[in-house]
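One chain, chain A, appears in both complexes that follow, with chain B as partner in the first and chain C in the second.
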Partner chain A sequence: MVGMSDNLAAILPAIIVMVTGFIVLLGDSCLPAWRNNGKAFNPAVTFVGIAVALFFDMTRMGAKSATAFSGAVVDDPFSRISILLLGVAAILAVLLSTTYLENKKLHHGEYYVLILFSLFGAMLMAGSNDLITLFVSIETLSVALYVLAGFARTEERSEEAALKYFLLGAFAAGFLLYGIALVYGGSYGLSHTGQATTNLTEIGAGLAGSGLGGVTVMFGIGLALMFVGFAFKAALVPFHMWTPDVYQGSPTSVTAYMAALTKIAIFTVILRILSVLTPISSVWLMTAQLLAILTMFGGNILAVTQDNVKRMLAYSSIAHAGYIMAGVVAVGAAEGKFHDLAISSTMFYLFAYTLMTIGSFGVLIWLSRRGRDCQTLGDLKGLVKRDPIGAYTMLVFMLSLGGIPPTMGFMGKLMIFNVLLSAGLTPLALCLGFASIISVYYYLRVVWMMCFMEPDRETITEHATESGGTLFAIGVTVVLSLFFGLAPYLAQTLLAPATSILVR
Partner chain B sequence: MISGYIPIAVLILVAAILGGAMIGLSFLFGPHKPTFFKSTSYECGIDPVGNARERFPIKFYLVAMLFIIFDIETIFLWPWAVTYGSQEHGMKVFFLSEMAVFVAILFIGYFYILGKGALDWDESDRAVNQDSHTPEIKAKRAPIRFGNEASGVVDLDKKPVGDRVPTYGASSQEEVVAGGKR
Partner chain C sequence: MPQNVLSILTFLPLVGAVILLFMKRPQDLPDDHGHGAHSHDEEETPKPAKDPARTAICVVAMLFALLPFLLSLGMFLQFDPGYTANMQGIGRHIQYIEDRSWISIGDMHIRYKMGVDGISILLILLTTFLMVLCVGYSCRTKTRLKEFMVFLLLLETGLIGVFCALDLILFYILWEAMLIPMYFLIGIFGHERRIHAAIKFFLFTFAGSIFMLIAIVATYMIAGTFDILALSDPTNPAGALLRNHDPRALMYLYSAFALAFMIKVPMFPFHTWLPDAHVEAPTAGSAILAGVMLKMGTYGFIRFCLPLFPVQAQQSAGLFITLAVIGIIYASIVAAVQPDAKKLVAYSSVAHLGFVVLGIFSFNRIGLQGALIQNINHGISTPMLFFIVGMLYERRHTREITEFGGLKMVVPFMATMLLLATLSSVAVPFFNGFVGEFTILQGSFISSNGGMITTAFAATGMILSAVYMLWWFQRLMLGPVKHAANRHLPDLSRSEWLVLTPLVVMIFWIGLFSPYWTSKMEVPANSLAEAIGEKWDTSQPQGAILAGAKPVESHEEGVKPETKTEVAPPVNETKPTMDGTPDPNTEQPKPADAKKPKEGARLNTPRNIASSRRTEVSAKW
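Right, the complex of A and B next:
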């Protein structure tokens, strides 16, 4: 068929990731030589596969935007940038996983296969231009993550996490699919062809033509239901209930991976769909603002009382989803050059969030390298004397998460604050400021524990085993968070192409 | 548009009132004289025997899942085969390659389960779970037992004690092993 190679080229990084998944799956189960050296083979092949995918993604960065597969998939700078972020998150997660899995006796090939398959789903999400493609790719991502959450099969908490995530996720998928069905029904008469459609480009063109007049009750309810599904995946208050349990119960390397991956993928999708809905922004802007405010305050207030660091970071990731959502609101409200600035600021914040979340969970993994999970605040007491590397890197991530200069988290918050003000959303900007002030309390509590408390007797242990991959991943995240915190405009130039979302 | 739903709403309302009235009124005014035989299940079920929470060999679930996977493959093949004949030549090549990709992906899954030993019914040659990589764990782990002692499959290291009596409804393996007979 003519043009098939163009179609495949549009999703090349995703295909590479998928094929790598197949290779690892077959190698680990069928080749005895591979199986016996699974500890080395599985992560190495996974790493190389993702790296090759990212290489092809970057070489295509300057290429012309195009749609493929009859408009079901879009290949534009926006999707390429978010595929880049997704790949970076996955590579960091693979680096963090190896030693941790070995210590927990969880070393299986399937772990890496599931990482690759979920990455495949996330990459397709970033490029999907049709609601059906979108749904299938979200499910590909989610199903792999449900299994990963329960990967520590002998731990009750991990099982609980997997089951909760699965049941609630399936429920949310139902909302999403029902919403898509109603949007499909409501799009009748919107598009030029006069037929119902799930294609985002056609829906966007139809809405641009009809404006608010084209929004029927069915279409509106469909959109609302779809956003319930998205809000669940992004863990926005009040759809966040699963997050703390799942993040706490999953193996820490999985938590780091899924916290970063799902947020990047789902906010890419939200940005793309809301850019389609810009002509009717008066319908959803108020709701989105309310969600952002609820999420910022909800996440931060609930995080204050947590004694478990993983749980605390889970609530903090909810709060950060709120900040990103505030950026999304700015994208919807701003016009002209501020619109582009809002998109690049939101992408910058997503990047910052990825680095600091993976980094802070990475430090927990680094501290667990004796085989005992480091989870509670008590485990961190006096860390600066016991393990200076862990303590100082954790300090950087806590400052970054709390939004204190000279880190990337500070620059990200500043940018979003800035675009909110220029979009005329002063109340939301103030809420962002107040919510961040609350958050400083519990981030600095960790620092207090590490620097000014004496270690408990039982937490003092002997020197631990080496874990080069973990240390390397933490090092990269620390250096990048500080570097882009000092030179934010470099990152923004890097992310600038993302502002040309094809659909608009 | 909404007004089109009014008849349905009225129908639902009438059905609810009618159904509620019939059951509610007979509950209110009817005589209540339950006897033992009236309360037992009648013609639509039998009294339960034994505990419903039995242990199954995990193989049952595996078989069920594998069945579903290959069943779905067949279901996908069916509409494909029906529409294939009516395509023009260029589309036929495309159709065939699409299905080849689909079947190839399913075959990868097949080789995976084959490599993992999921289709290996005779477990006597792999008494040790594959998941354990280190020799220490392998040494510590007890040989795999599955099924009830009485169901025919036995632990290889263990000599059978007495006659094998088929036991139904044992709530756990331990129960049978500990008691010998129920």
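Right, the complex of A and C next:
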């Protein structure tokens, strides 16, 4: 019997984040001194809170895996790695937010509170070992994000984004919940205790015992519905419709945060659940492959014609979800040491995706520091003359997203190719190759707009505001993107523990 | 030479690029589009206030182009062309090896492994040599000079690295990374349709190479290593694994590699990016693109496709030879009708590289050596053509052939230079092009892959090249001066002389004293020819004549000492170690060691061609 303190210790980082959220909420609304200096206090406290959470997360990295709250939450290296990535994404997003919000006159304490609460939800998702916990944490994440998407409440696009995201998200939640209910019903015969369960460990044990024979129709439909829900959240084609509108409409700092955070969290969950479903991988492997292929082609093809960079990056993030999904398929198909390799490679790609997505949105934020939102390709015209730093950092991110060496995106793609081929998924690898060719076109389009075109209108009228935080965040992501592209050793070591998923 | 000389050589330009980044950006010069007579050369009439930042940029860039050149020259002179290690495959002749562990993904180990043999060192020397000229030429770039130099130096790092890399992933990373500076050179500094050309160039190459990446990983799955020394060596476990694998799968892998290289060369159906890229690129970009980057494709065939997949290469030789011949004839015909002076040169590149591919897929030592020397030749004559077209463009701001004519009267020295380059490209005897193309045709003629008919078709390419190049020259330089604007064009400036003279020297050095150059690469070329199984068409009398080469295959019997006298290279003032190292008299009958291809091989070097001139040559030297 584990004590309460052990239970709490298992979700310590998440708790720290939540408490920080309350502190910011109360401080901003109750303390006049705090409120008057809100634009310094809010991000600072948020930053410190997340950093402390990450610190505790890191110190626990070597600890033994354990479950808590009667098995509802699991604390294993995989979840810790995932929490680490989530925290890094949140910190980068906070750094990017400050000046941007000020420029857009959106500087409110709630922003950081919502960031912290959504992070709390995401961290719980990473550690949830029970479908109910999972659902609650997904909703915690999502509801905070719905609000964040509409945070620029004076802008129609932002409102539209929030509403769209909310409605479709609610749909997805419905699918997910209904799926969970059916899985619960269908798990009746699976569990060794002879009772229905939503606990992943027990479902996993049951499936391992019964194999395909134990899968009832109800269970199967439940799984399918659950995955529709996940696919909505992860923006896999054909459940991606909300993504471009939401990414485009939301304030850019929110888009950066959302693009990275939800992907990390949802793919953590997908990996965990699929590792539970490994005994019946023959059922879902084909579907997952099809989803991956559809997603990478759909995202890339739709991105080609976009003139809005945010929208293009939204489609590109869909395509990248497809690449990550390919890694997930490899996890399901690979055996033995390749299984672990597939997990660590997928996590590496997620990390790479986090850095380059936040980085590229970060450059847009950096360029918006003159008060005008920088969104379209036209805004980027001739950038290299106006703002060489912005242009050349954007270049690195575009190359990284396109998977061109010497960047982290290339290394990630190499790893994905590696695991796909070692899992015998050559057709999927070839599809990834074709999809990358398409993607290079639109990434290079950004480059040529920035570097080869003359600026067609004078945009340098207002004086740029200082934004050290933005510059710092971009700098970190750019350096890491290049460094891990040539020497991924450090990132690999950092992510290595992820291979032990407790439920297996 | 220090142990890591290749790393130093590769990354010196990168250091230069980084230093340049921190230097002051010079003012852009006004882009004078003053058409015609009074457009002057700035070298001759320097602007009153010369921007010190410009000079500084040029000096630093030149320094970091010269340093690698001198270093590679030193390596080239110290290099032992007869070096033979006790192994099979490419590794037999690789020197200056550097080997470090680099990246591990699971139990996949990517190594930082570099080394050069006679084939690659020539290309490296060509790269550094051309880069000095390009930097020298490009100091006149008016806008964004600093970026131009940075991209040129970055490009040089990539190019040298590609020719040094012995690990497949290292090779791939450099091969891809090098696209970026070239993309920028075309995209920023090119002409009107530069963006179209740049993106086309990038997409074509990327489309080919992404599948090569998959094939590289798949090769690793089969053989367990990225090290091409091991992979190319059939006695090595990795090489044996690769060779004994399912031939169908190997064919796919081979095709993926071959596709990437075909696009890069570019061979016939994939050549469409080249004219665009060449025409739109700035002069220095075209020179490097034609001079070195296309060679990466042929180098890829020689270094990867043939040694790693010899059987598959043999099987596909017919296809490649057919495509090469189609390319030669088609590109020659298309070149003839181009109204654009630069585009004509671009199409001539396609034709010339068709010859190189023909030589490679002849699968005998003559063809291979011809291909290798033609690689170098094309890397000298075509950049020279591009430089001169660039100079014309700067004077007249047009590349339309009809806009010129009769320039011989106005700019006699430039006309002479252009004539030399043209004749070199046409492959007239005494010029370097002849050595390469004749050897290739000879190799193809005696090869059972090629044969008489193929060679006859390919040989029409030589005639056609005379047609389009000489006609081109005639329209540009001969006849009356048709346009008033052409009457007062300035002749070559001092800096232009400096750029062109070294190229002329090289044209005649290779044209007249080719054995000096072929001797550097004949040992690896012959080893490669042996390793992939030479193709001789013994039914033809030439095969019988060249049966003199056969002792190499029956090397175990020992080499007759009298062949040794034939061996002495006519030009060897720089390499006293040349004949000392492998002594054939103490030769052991151990198979790996005994394969001394030097002796017999010398018989069929392009010296056959030059043999009539040999007395003259040695008299001069």
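The criterion applied here is as follows: the second predicted complex is superposed on the first by the 497 of 504 C-alpha atoms of A that agree within 3 Å, B and C clash if a C-alpha of one lies under 4 Å from a C-alpha of the other, contacts with A are read in each partner's own complex, and residues count from 1 in each chain.
As a convention for this text, a contact is a pair of C-beta atoms (placed from the backbone, for glycine too) under 8 Å apart; a residue touches a chain by one contact, two chains touch by 3 or more.
None of these values were measured; they are calculated from a predicted model.
*Asks:* Let me test your reading of the model: by the given contact rule, A:83 touches which partner, first (chain B), second (chain C), both or neither?
*Replies:* Touch partners of A:83: none, neither chain B nor chain C.
*Asks:* Pick one for A:38: touches chain B only (first), chain C only (second), both, or neither.
*Replies:* Only chain B; A:38 stays clear of chain C.
*Asks:* Quick one: is A:448 in contact with chain B, with chain C, with both, or with neither? Answer first, second, both or neither.
*Replies:* It touches chain C, and chain B stays clear.
*Asks:* Report for A:406: first if it touches chain B alone, second if chain C alone, otherwise both or neither.
*Replies:* After superposition on chain A, A:406 lies in contact with chain C alone.
*Asks:* For A:269, select first, second, both or neither according to whether it touches chain B, chain C, the two together, or no partner.
*Replies:* After superposing on A, A:269 lies clear of both chain B and chain C.
*Asks:* State whether A:107 touches chain B only (first), chain C only (second), both chains, or neither.
*Replies:* A:107 sits against chain B, while chain C stays out of touch.
*Asks:* Between chain B (first) and chain C (second), which does A:433 come into contact with in this model arrangement: first, second, both, or neither?
*Replies:* second
*Asks:* Is A:26 contacted by the first partner chain B, the second partner chain C, both or neither?
*Replies:* Touch status of A:26: first partner only.
*Asks:* Taking the complex as given, what residues does chain A use to touch chain B?
*Replies:* Per the stated touch rule, the residues are 1, 4, 22, 25-26, 29-30, 38-39, 105, 107-108, 216-217.
*Asks:* Which residues, counting only chain A, touch chain C once they are in their complex?
*Replies:* Against chain C, chain A makes touches at 337-338, 340-341, 344-345, 399, 404-406, 410-411, 414-415, 417-418, 421-422, 426, 429-430, 433, 436-437, 440-441, 444-445, 447-448, 451-453, 487-489, 492.
*Asks:* List the residues on chain B that touch chain A in their complex, please.
*Replies:* So the residues of chain B touching chain A come out as 1-2, 90-91, 93-94, 105, 108, 111-116, 131, 133-134, 137.
*Asks:* Give every residue of chain C touching chain A within the complex, in rising order.
*Replies:* 103-108, 169, 172-174, 176-177, 179-180, 183-184, 187-188, 194-195, 198-199, 202-203, 206-207, 210-211, 213-214, 217-218, 220-221
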